[in-house]
Each structure stands twice: as structure tokens, then as C-alpha cells.
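Pasting a structure below so you can have a look.
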């Protein structure tokens, strides 16, 4: 089940007030199919599409048994698996209700871990992956087939990095690490987009951009919500007293913890930069408005007096009645004189605006030009 | 008693300086009516509208006795109940003063829990539900009849989820869980509204929207205030040394704690998104203003020079006095020449504005158009 | 001494570098007058305007002796009281310097508590109340007569709530609780004002309102500063190892702690709402400006072309010289034709603005109308 | 060395990578001069301008020896002092590098304390004062002569407050307390300035004010940076296990801690108020712009139609050609009719704007008037 | 590898899901070259461009052996070094993946420290320096040759500051201290730039400045991200139980910790100042817009009525038809009268604007003038 900011992520499958541990399938859940990998130092077998009976047969005969269930529609099958491995009903309920935050919980004979796997989609969508780590077995539940565990399976098959020398705790680490690492390329893509947005907001502020900045901020918010609880979850695995995790594996999990911190660090940096873009946008808009108003003011200030003078000499006072009535109209050089007055007024105003730095500084270049290519006296003085 | 942001929620029933433990009924309180459910593994009985004497008779004869009082007007009855079950007077005062924050307090022989039940209304309104968990009994006090406990009663009646196998602590958990779970559908509704607001602010910014965003922010603030203390309350029940809560039930309460965290997570996300909407609104307004001013500036810049030229040739200089006075008026093609000058000036200005990207980029579409349907080069390049 | 945000609250009475414990009276301090209440389970006496000698006589003869000094001008008297009850000189200095933050300090044989009593005035003003709780005595120092302790005195006189059954610690609790409770009605009043401001900012944004919002924010800031340290002070009384506070009283103090948290909760909510009002104001102003500019643009866009056409036909080209010169002026229907062109231009522009949603949507109603009474499609769709 | 926000405070004297403990004099350092005060319960002597040999002679012969060095230019002298009293070279390096944050560090046989003394200047400037508290001696190093310790010296001389009865730890407390107390009058002055700024921003917003608000915010930031670490430093002295500080003195240091908290409290309040001033400024500007645009729009909306009508009747259609051409010009009351139409249009528009509340509400009074003297219906309704 | 905010810093070299400890060279990595310094109290030798075999020969024969590898391309060589000194593969992976946050990790027989060295470039770029501190050896790995360790090497060669008397832990301290100290001159440069920006934003707000402020904020963000984790890393070295760090060295590392705090302090101050610049910019723009609009409004308000009067007397009502038609045109002093009316109207409007403080206060000086040189009544009144 994807996790969008909006109505969907406030949904819970179990109706309010229902008995805890009640398993009710999501009507949109995908059909369940189960894969199985069993291995030890010197052996490995792998089967797909196995039944509960197959698992029952194999259980206990190999050092590490990894059952991977994709799709959560078959409640009966999940409940049987739970009974078979002694899983707590509360944990099973969380497997079905796919809006859990990442967390790690210790039960009597197993550790229950919830992580969220990032999907390669347009917006931030995650899929819940639930892990049960017990003595000799690992169960993983995914919402649908397709995951980021293929490299881990490959390492198991090829005995690469000696993953088969360690127990279930190391496999759990490897799976969690794969989930965490999958966030890096996604963040890298967001970093690229953020840089593009930044350039665009500075050079061509437009209302679509502000919607994009908002969308980016929402995506980063979702990423933070997805990543942040992993930190606590992993921390709990490091600290915890459980005997299911060996000291050696804790060393690896500590490395995984570092990656989570690094992810959060990047997300927070991106969020601060994205927030700054709104300020830049408003500043650009404000500057742009100033430029527009300068144009209007210059035009109005120049043409209004000129227009007034023209109208003045368009008045119809009766020059025949009195020599005081508009004698200019009868002057020999009356018209050139009027044009001259206008020209002087216009030149004076242009000079005034030039002195005020309103013209001659290419106002519109500021808003639309490319700041990057212009010489930057500031940066140069270091 | 509902809890609105405003004068009402700063009210306390007990006058300042009154003796602690003083019980003074709220004049608006609803008449008290008491229901009773008693049960054990194999038995259950349920009675409505019982009197104190009925309770006295039954008390101690069943493993778990749940007394539910709706309406807080009958102070005498509540005090008698308190005496019957040995409840502390400070706790009883908190039952009557219905503006308590959710909390859990341990007394000598009972645990006192205050929760706030969300009501299905337009704005965020909550009703205080007080719980006393003792050895063999649970007392709940509600402000009025109607609650979210019906599914729990149903589970008790049908022995579903084996709720009757556990003691009072599990019933307390079930009730608290029902209260917490009731927040999810409310939040889901707010998520939907927030998405509608988001679309509206981007496509049709209007002053009503900003009032709605403010109202949304206030509601989310109220939700946070209602939900946040539940976390601490539940945490206290998990940590506490009291023998009234068994280890097994603590496991369930931990699950309830997760739900509270999840709720807070959603509320905080919504709050951040709602805050961003103000920025979008201001940006939209700013963009829109720019567009309006561009229209004005274009119109003024084109028509002012044209008007000036027309006024110029409306001047009444006396062509008969001197050949210098407006000879153009007497040219054979004077009028077409003047029209031509105007046409060239207008075309030049239009061209200038087109070069400045002020026209030909459909400025108003930005403010009112639907960004969503427009092709988005950004999103496509991933 | 009142405590305003501004110069006054950064003042200290004792000059920098003076010896600690130096008692220097504030020149504006009120004359000291001392009241005394002594009581036990079965007895109570009350005297006003007592002298130090009276106190010396009574001291030790009653289970609880409450000395209340109003006015801090008589340094000598306060020092003698301090010597009589063995109070620490540092604590006495804090009694005189009335700008202390609320705090609780344990000394060898007494606990020293500073609280701040809210005064019923226009702005947030508080008066420092200092308490010394010792074995068998309580000393309170107020800046001036008039306090919120009358209900406590009444309870003592009437033996109500059995306050006389407990010791000095319970009396201390009762006094602190009275101080805390007095904040609730003040906050209630601020809540009412905030709602009025909110309505006003949405319906009639005016510059006076922004000054009022700022003033409200300052008052809430002062309230937070006054209330917040009480939390720590009370917490210290709950936690502390002192034998002067019994376990039973701690239960009551815990209740008082809850009230402080509730107060802070309300103040923080009000602060967030007040902050949002600035956004609403700016948004309203921005919307209003858009509306004004639309009016200007519409008027200019319609009348500039019309005026241009009129000016055009006001030109004086000599129709006698050439048939090319303004033949329209001689047309039979020239004038109706010109009027028609103007009418068509005006109608076209009005239609354009209507299509752009600039007119026909009652722009000014947005800024000044009452949003509340208008049908709200958003709220209705739930 | 003063500490300005800017390049200077990121400077360190010791070049990066130099050996720790390297003493390199600041070229701008003032010449060193040493004073000495020795005292016990019944004796005190004071000498100025002493040499190292003088100190060597006196050392160990009096209960408390206070060496005060002003000016840090004489590295050799400082190193010799360090050797004489067994001071750690790292601490000595911090004495010379006068950009240390306030801190307290425990060394084997002495405690090293750095404080920052506020200077009475226009902007926030502080001088580093370093203290070494050992068994029987106190060394203080100041950047230059002139300090806030005179009252302490006076108390020593006059045996006031019995400061001579205590040891070196009490003297250290007295000195630190003097440094802390010196911040209060400075903050008081900032409080006054802030109130003036507040009044100015509300009544006469001007761009100089926003620069002043920014400068105020920077100063408060510097104050916070100077004061904040004192809290930690004092806390360390209270908590620390060192036997150099007696329990009795710890009581006094706790008092000093309270003062630091109080200072921080005031600074934070001022910072929040200063931040709010930017909002007020922007709101005022926005309101002012609205008022300006209203004036422009009213003028344009009234005179554009009037001007259009006047232009209309200035057209030169040939009335002789056709009776359809401007017959109004020949009417007997044509001119009064035209004037009447103009008057009615103007009156109608004025009425429209009055109904829209654009005029008759004295728009400009808002921006420039004095809100304070105007009757305020809000404040009165309480 | 440099570390820019953008796509690059979200990159990890190891593909997601790869086995931990996998060493894959960055294709852009520089060729590896190894230097070696061995020393004890009385000896020192230094060799450049050594091979693994050289190291193997020397290892164990000197008290302290410092191997410094520049360039990370030669994976084989790094792995062999790791095997030779028993380094953990996870740590080696972090050496290769050069986007680690600064951290310190304890392994069985060595401490692994990651720091980031600031480069002297235009923007904030850092290079990862990894340290392994073991018993008798220190290994440092840099991304490329050229570092800030030269002063340390010099001190080793000259036996200055007795660095050769201490062990590997002291050398590790010296190297970390050199890395930390290198941040100070960079910050100093940012402080200078920030002051220039501040002056520029106040006196000449232009859109390039806001882009520069944004760039400055991003750089400071990067600096914070680079510096902040050093604090935790150093803290871990102080606290840690490892026997590899002696108590004496811890004293020095504590000094290094102080420097980190000081750096963070400066960065945070700069960040707050930079944030304030956006407010100043918007305020300046807003003030500037007001000034522009005032000019436009004044011009329009003066010339529109004048133009209207001129147009009025340009109307062509037929004076011959009726004495009511524009008799003014025939007055003897009609024209001077009309000019007089215009002059009075203009003078009246100018007076009105002067009274409104719109003119005569040099509006444009505010936006472009230099506030600094103007007399400042505020600052003077202290």
C-alpha cells in the first residue's frame, strides 16, 4: 500500500474498537505468494511459490530459513505462518495494517521489525516491509512482489562477503541495510531537481514554480517521515538486550545507523534550501513588481505633462476677443516653441529618472536575465 | 463539555482558591445515568439505569465490574460512587472539571486516567472521559451519553477476541484504544479537506481560502493539543510500577502508544502543509498583482503616447500667422502620416513588451489556470 | 512592583557588585504591615497590624503560624523577621528585589518559594509573593496589600475542606494553588479578546489591528514568562527530598502542577493563533491591493482607448487641403460612427474583464464582506 | 579585545596547527600591569604595579592573595606568573586568545574560569576576564585596565558583608557575580531603546527603522552569545566535585545562576519582540501602499471619465455636413448640460467610493497618525 | 571528493545492497601515494612514496609510526594496509566512500575517526580525512595530496612543543586540532562577506543580492553540516573508555571541543544574520515600491485635473448659438483665468501632498541613500 500525504495515510484497516490482533485483509491487497531460501555455511536451496506444508517440512532442518511473503491478501495463510513460528497476534495485525511507522519490537522469542521500502515513482511512495527475526528463521512480508533484496539474494547464492557464515541477525541486518541504501539514489534525484528548481526560481520566477516548490517540500516531508523512525528502530536493535543479535552484527547495524543519520542530514538540508526558495520567489516577484511600476511611472510622468501642454494649446479661447487670450497661438514660432517646451520637459524628466537610477540600469534584466553569467564583484574579492 | 479554542477552554468550574476536592456541578452538565456490565470468563450481565444500591449489591461478586456514568450533573451520586470504590477526592474533582488534559495518575488502590474522546462535529470538539481502574472494577465517567465504546461492549457480549479472559487492565486498554482509534477517521477527513484547500489555493486564490486555511490550522492545533498528552498518559501506564497492569497488557498498551505516535506524526505533517499554504497564497497574490500591473502598464504605455500625438495635432496654433505653425495640418497626407506614426509607435511598443515576455505568455492563465493539466517539464525529466 | 516588558523588568534594586544579602528598600515600595493567623485542628486566631514582639510571643505556641507581610518598605522589620525565623540573607534579598522568577529553594531549615501573582489590570502585570515554609510557620511577603488568598483564609476560618487538619506544607500548597488558579480568568479574558481580534482581522483589516495583535503577542509573551517558571518551581517541590513536605501534600501539589501545564498549553495555543493573525492580515492587505489595482486597471483600460479615439477626432488636420485629411469628420454619420466604435471598444473590454473574472465577482466584497454569513461550500461537504 | 559580530570574532591569535599552549601576544594587546590585594579576617594590604618578585615574596603569607593583571602584551610576565602558581599551559593560552566562550575547567590544583565583561559602549562589546582559583590565591587577567570589580575591592577594604571571612572561592563568586550583574543596566538600556523603536515603527514606519531593528536584533544576538555560556559555566561550578568550592559558597553561586537565567529570559523576550517589529513594519508598509493606491485609483477613476467627456465634445465632426454630427454642440444649453453630466458622474463615483469605505475614513491617518491617542474600543471592553 | 549541496552529496560509491565492507574505487579518485613518519623522543625519520613492504619493515620498530595515504584509487594497496594493521573492513569501506559524516568509532584494537577538512575554495568544499589510531601507529587517508598538517609535521621535525614526548593519541589530537582550526580563517572570510552583503542590502537592494544571500545561507548550511558532527566525534573521544587515549591527552581534546563549540556558535550567528537580510530586502523593496507609487500618484493627481480643465476649454460648443455655451472663451481675461485656476489647483495639490508628508521628505533617498552617514537620533540618545 502506498503512503501519500492526504487522506490515505490516516487510514487504518482495522475498524476502530475492533479487538486487537484482528486480521482483516485490505480489499486492495495483492494475492500472497511465498518464497523460501534456506542456507548454512556450505549449503543453500531456494524455492518459489511454496505452501505452508513445504515450510513446515523444512523448518528446523537448516541453520537459517528465510521465508518471504509477497502480497497480503491471504489472511489465512499469514495466520498459519504466524502460528507455525509463534508470532504474536499484535505483530501480525501490524503486518496487515500497512501504515505502520518503522519500529522494532521485542517479543518473547522473536524481534519484530517494520521498515518502509522506497518505491521508484514520481512522488514519495513507500511499501511496508515487515521482518520477524527468530531463532533460525526470518520472515519478511511485503505488500507486493518486487523488492530491493535481489543483491542480498545474489550474495547468499554466491557466498559473497561470507554472508552465509553468519546467522539470522546478519541476514536481518543485510535486508534492513538494503532498504536504507535504496533511499540514497532517490535523494540524489531530489537533489538534482532541487538544483533545477533553484536555478529556475532565480532566473524565471513563475507561479508554476511555487507549486513545484510546494510539491517538493511535501515530498521531502514525506521522506523525512519515512526515514526518521528508521533511526529509532535501528537504535533499538543496537541497544537492545535481546540475545538474538550478536555483538558482531551490532557493529554492522551501527554502520546502518550512520547511513540513516546521513539520510536525515541530507533531507533536512534539502528542506531548508526548499524553504529558502519561497523567500527568493517572493523577493523576485517584489523586485519584478518594482520594475513594472517604474516603467509605468516613467511613462506616465513623461507623457502626462506633455499631454497637458498639448491640451493647453488645444483650448478654444477666443483670440479675437482679447489680446490676453492665448497670444502664443499667433506667434510666428509658437508651434516650434511649444514643441521645444515639450522636448525640454521630456529631457528633464528622463535626466531626473536617470539620476534616480530608474533608467539606464536595465531594470528588467534583473528579473529575467541570467545572474550567473554576469560578473560578480562579490565573489571575486575573496 | 466541548473544548473550543477561545474563552471556553480557559474556564475552570471550581472557583479560584476553593478547597481542593470541592465538587461543584457545571450548570450545563447533563443528567447522570449509570450503566453496569459485570463479567468473568464464563458469565456476563448488563444493566442500564442502575442505582447506587444496585452497584453496592453486585460489587465484589464478579471478576470485572464496569460502571459507566454518562452525564455529570448529579454530584451527590458521583460522590457516593467515589466513596463506595474509595476514589480520591482530587481525582473526583478532575472528573467534574471537564477541561483536564489527558493524564494517568496512580493513587493508592486505583489508577486514574483522563482521556479526551473526539466528537464527530464540524470543528474539533472533544469530550472528557475519565477512567478509574481498580482491583476488580472499572469506572468510566462521560460528559454525556453516546460514546465510541460500543464495539468493546459487543466484544464483551460475544466473547470475541477473548476479551473476557483478561482482567480490568485489559478492559481499560480496550477503552483507551477505542478512544485513540476514533481519531483516525477524523484525521482522514482533515486530510481530504487539506487536499481540497491545496488545490483551491493553487488554482483559485481567494480571501475566503486564507480564512479557511487559518481555521484549518486552528483545528489542527486543537487536535494536537488533544492527542499529544495521550502519548505521555499511555507512556506512564507502560512504565508505571503499579501491579494493576499486567505485563501482557503492557504489550497491548505499547501498541496503543504506537497509534498515538502515528496520529501525532500525521497532525504535524498536516500542520506543516497548512503553513506552506499561506506562502503559496501570498505568492499567488503577488504573481497575480504583477499580472494586473502588467496589463495596466501595457495599456498606459501604448495609449499615452498615442493620445499625446492626437492631442498634439489638436492644438490650435494659427497656421495663417506663420508657416512654422503646424504645417503638417495642411499636408496632403498629413492625417495618414499621423495615423502611420501612431501605428508604428503602437507596434513598436507591442514588440517591446513581447520581447520583455510581458505579452504572448498569457499572464492571467498563470493565476487562474489549472497547473495540473499543463504539461510539466520538470516532473517528466526523471 | 509590576513587571512590564521594557526597561523596568531588567532592573535590579541592589547595585551591581554590592555584597549579596544586602537589603536596600525600593524607593517606591509600600509601607509594611503584618497580619498573623495561627491555627491548629481545633483553634484559630487572627490578628492584623501586629508588631514583631507580638509574633515573638505567639511563635511556637500554635501548630501553624502564618505571618503575612504586605509592603516591603520597612527593611528593618523584614530583617528582624528573618532573624527571628532563621531565614537566609540571600532569600531575604530576593524578597526585596521583586523581579525574581518563580522558584523554590531549599535552605537548611526552611523552603523558600517565589511566585508571581497576576493582577487584574489592562496589561499583564504581576506582583511577587515570597513564601517561607518552615517547621510550624509560614511567612508570606507581598509587594502591597490585596491578594488572592481571601478564599484560603475563609477556608481556615470555617474549617472547610479540613484545611486545619494538615500542617504548614498544606497551607503552602493552598496558597500556591490560589496564585496559579488566579491565572485562569485572566487567560479566559485573553481568549475572548483573541477571538474578537480574529474576527476583526478577517472582516475589517486595519492598521490599528496589527498594533493590537502585536500588543496581544507581547502580553502572551509576558504571561508565558510569568507562568513557565512556576512549573519548574512546583516540580522541585514534588521531587525534593525535604521532610517539610509530606507525601500526602505532594499528591495535591501534583494537581497544582497539572494546572500549570494546562495554563502553558493555553498560552502556547494563543500565541500560535496570534502569530497566524499577522499572516491573515498580510494576506487580506495583499488581496485588497489586488482588488484596488483591478479597479484602476479596468478604468484605465476602458477609458484610455476611448479618450484616444475622442482626441483623434479632435485633431485639426485641414480637410480643405486634401481629401485624405480626416474625411470621417465630413461623413453624414461620422459622429454616430465614432460613438459606435467607442461603445463597441468599451463593451469588448468589459466582456474581456468579465471573462478574466475581474468583474462580476464583486471584488471588494471579499475584503470587507462578512465571510461567516456566506455559504461555505467547503465546510458543507463533510 | 572587543567582540563584534563580523570578521573579528572568528579570529584566533594562535595560527592553525601551532602547538597547543603556544603563547603569542596579540599585536594590539595593551601593556601588562599587575595589582595585588592580600587579606585575611583581620588584615588587608593592597599594592599596585607590583613585579613578579613582589608576588613571589608575598605568596603563601596571607590567607587570600588576589593578583589582577590588566593588559595581555607581556607574554613573558604571564608565563612566569603561570609557572609560579602552577597554571596549565592550555589555560594560559586561552587567557591570551581573548575570544573564548565563558567556561569553567577544572585542572589538578586550580579551577580556570573564563567570563566576558560587558563594556559600556554603543554596540555589544565584551572583554574577556580569566580567573584562576587556587588554594589561597586568585589570579584575574583582563584585556585592559578598568573593570566592574571596584565595589568588590571596596567591600574587601571596608570588611563589608564580611567578605573577608570567607576564602578564595567566595572572592571568585563575588567577582563572577559582579560581571553578571553588570549586564542588567545594559539590558535595561536596550529595553528602553526597544520601546522607542516599537513606538516609532507603529507610528512612523521608515526604512531607517528597519535597519535599526536589524541592528537591535544583531546586538541581542551578541548579548545572548555572551550571556548564554555563563549559565553552563556557573552550573559547572555548582555541580563540580572540586574541593576548592565550599558548600556555603555554592549557595551563593546558585543565586548567581538565577541571575543568568533571568538575563537570558529578558534577552529572549526582547528578541521575540524585535522579530515582531519586522512584521509590523511590513504590515504598515502594505497598509500604506494600499492607501496610496486608493488615492491614485480614486483620482484616475474620477478624472478619466470627465476627461473623456471633455475630449468627446472637443471632436471636430462637421456639424454643417449633417444634423447627426454632434448636434449637442449647437444646443442652447449644451455646455451646461455637458457640465451637468460631468458633475453627476463625479458625484456618483465619489458616492461609490464612500460606500466602498475608500473615502471618508481618512486613509492616510492610519499610516501616519498616532494610534495611541485614538480611542480604542477594544481595550475598553474588558 | 568535494561535498556540494546537490546531487553529489547524496551519492554513495557502493551500490545499494552490496556486501558491507566491499571496496570499490571511485572512478574519479586520485592515484594513491604513501608517506611515512616514524618518531620517538629522540629520533625521527620521514620518507615519501613508500611501498607496503617498506612499511612492513619499519612497523613495530619506532614508538610512533604515522602512515599518510593521499589518493584513494589504489584499492588493493588500501586493503593490504588494512590487513597489515588489522583494520576492520567496515571502517575501510568508509575510507573509500568519501561522503561520511565526521564520527569516531571504537574497534577492537583501534579507534577509527572521520573528519572533514575544509578546502580553500569559493564555496564550502570539504575533503574527507580518515584516521586510524592504534597502538604505536596512526594511519591517515586523504582524498588527494595537500593538507593542513604541515605545521604538525614541522613541530614533529623540530621537536617543538614537545609533541614527540607523547604517543599516538597526542598526534591524533594534533591532527584533528589542525583540521578544526582550519575552519576559523574560512569563517572569518564569510564574516567579512556577510558584512559587505549587509551593507549592500541596506543601501542598494538589488535582485542579485538576494541570490547572494541565498547562496550565503546555503554555504553556511554546508558549514554547519561539516562542523556539527565534529562536536559529537570529539565528545566521543573524550568520553570513551578506550585505553588508547590517555587522560592527559583528553585534556587537550577538551580544548579542541571548545573550538568546535565556538565554530558552531559563529556559524549559527551568521545564519541568523543572513536570515534577517531577507527581511531587510523585502522591507526595502516594499519601501521602494511605496516611493515609486507616491511619485506616480503625485504626478497623476496633479496632471489629471489640469488636463481635464484644458480639455474642458477645448470643447467645441457653439458660442454663436447660445450665450450659455462656454462664455468663458470670450472673456477678456478668459485664458489667464483658466491658467490661474490650473495654477491654484496644482499648488493646492502640492500643498496637500506636502502636508501628507509625501513630498519634501526626499522619498527616494530612503531607498538608495546611505543610511550610515545620516545623523541617527536613536543611537545618540543613550
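Going in written order, the chains are labelled A, B, C, D and E, and every chain counts its residues from 1.
Keep in mind that, in the parts below, contacts are C-beta pairs under 8 Å (C-beta built on N, C-alpha and C of every residue); 3 or more make two chains touch, one makes a residue touch a chain.
Just so we're clear, the structure is a prediction, and the values are computed from it rather than from any experiment.
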Out of curiosity, which chains are bumping into both chain A and chain D?
-> E
Interface residue identity across copies chain B, chain C - same or different by half | different
For chain B and chain E, let me know how many angstrom lie between their CA-based centres, rounded off.
-> 39
Averaging C-alpha coordinates per chain, one finds the centres of chain A and chain B separated by a number of Å equal to 24
Chain A: positions in contact with at least two other chains = 189, 282, 286, 289, 293, 296, 300, 304, 307, 311, 314-316, 326
Touching chain B in the complex, chain C uses residues 148-152, 155, 160-161, 163, 174, 177-178, 181-182, 184-185, 187-192, 194-195, 198, 202, 251-252, 254-255, 258, 261-262, 265-266, 269, 272-273, 276, 279-280, 282-284, 286-287, 289-290, 293-294, 296-297, 300-301, 304-305, 307-308, 311-312, 314-318, 321-322, 324-326, 356-357, 366-367, 371, 374, 376, 378-379, 382
Show which residues of chain C lie in contact with chain D when the two form their complex.
-> 5-12, 14-22, 88, 90, 94, 99-101, 103, 105, 122, 189, 193, 196-197, 206-208, 210-212, 214, 217-218, 221-222, 225, 278, 281-282, 285-286, 288-289, 292-293, 295-296, 299-300, 303-304, 306-307, 310-311, 313-316, 319, 326, 328-336, 338, 364, 368
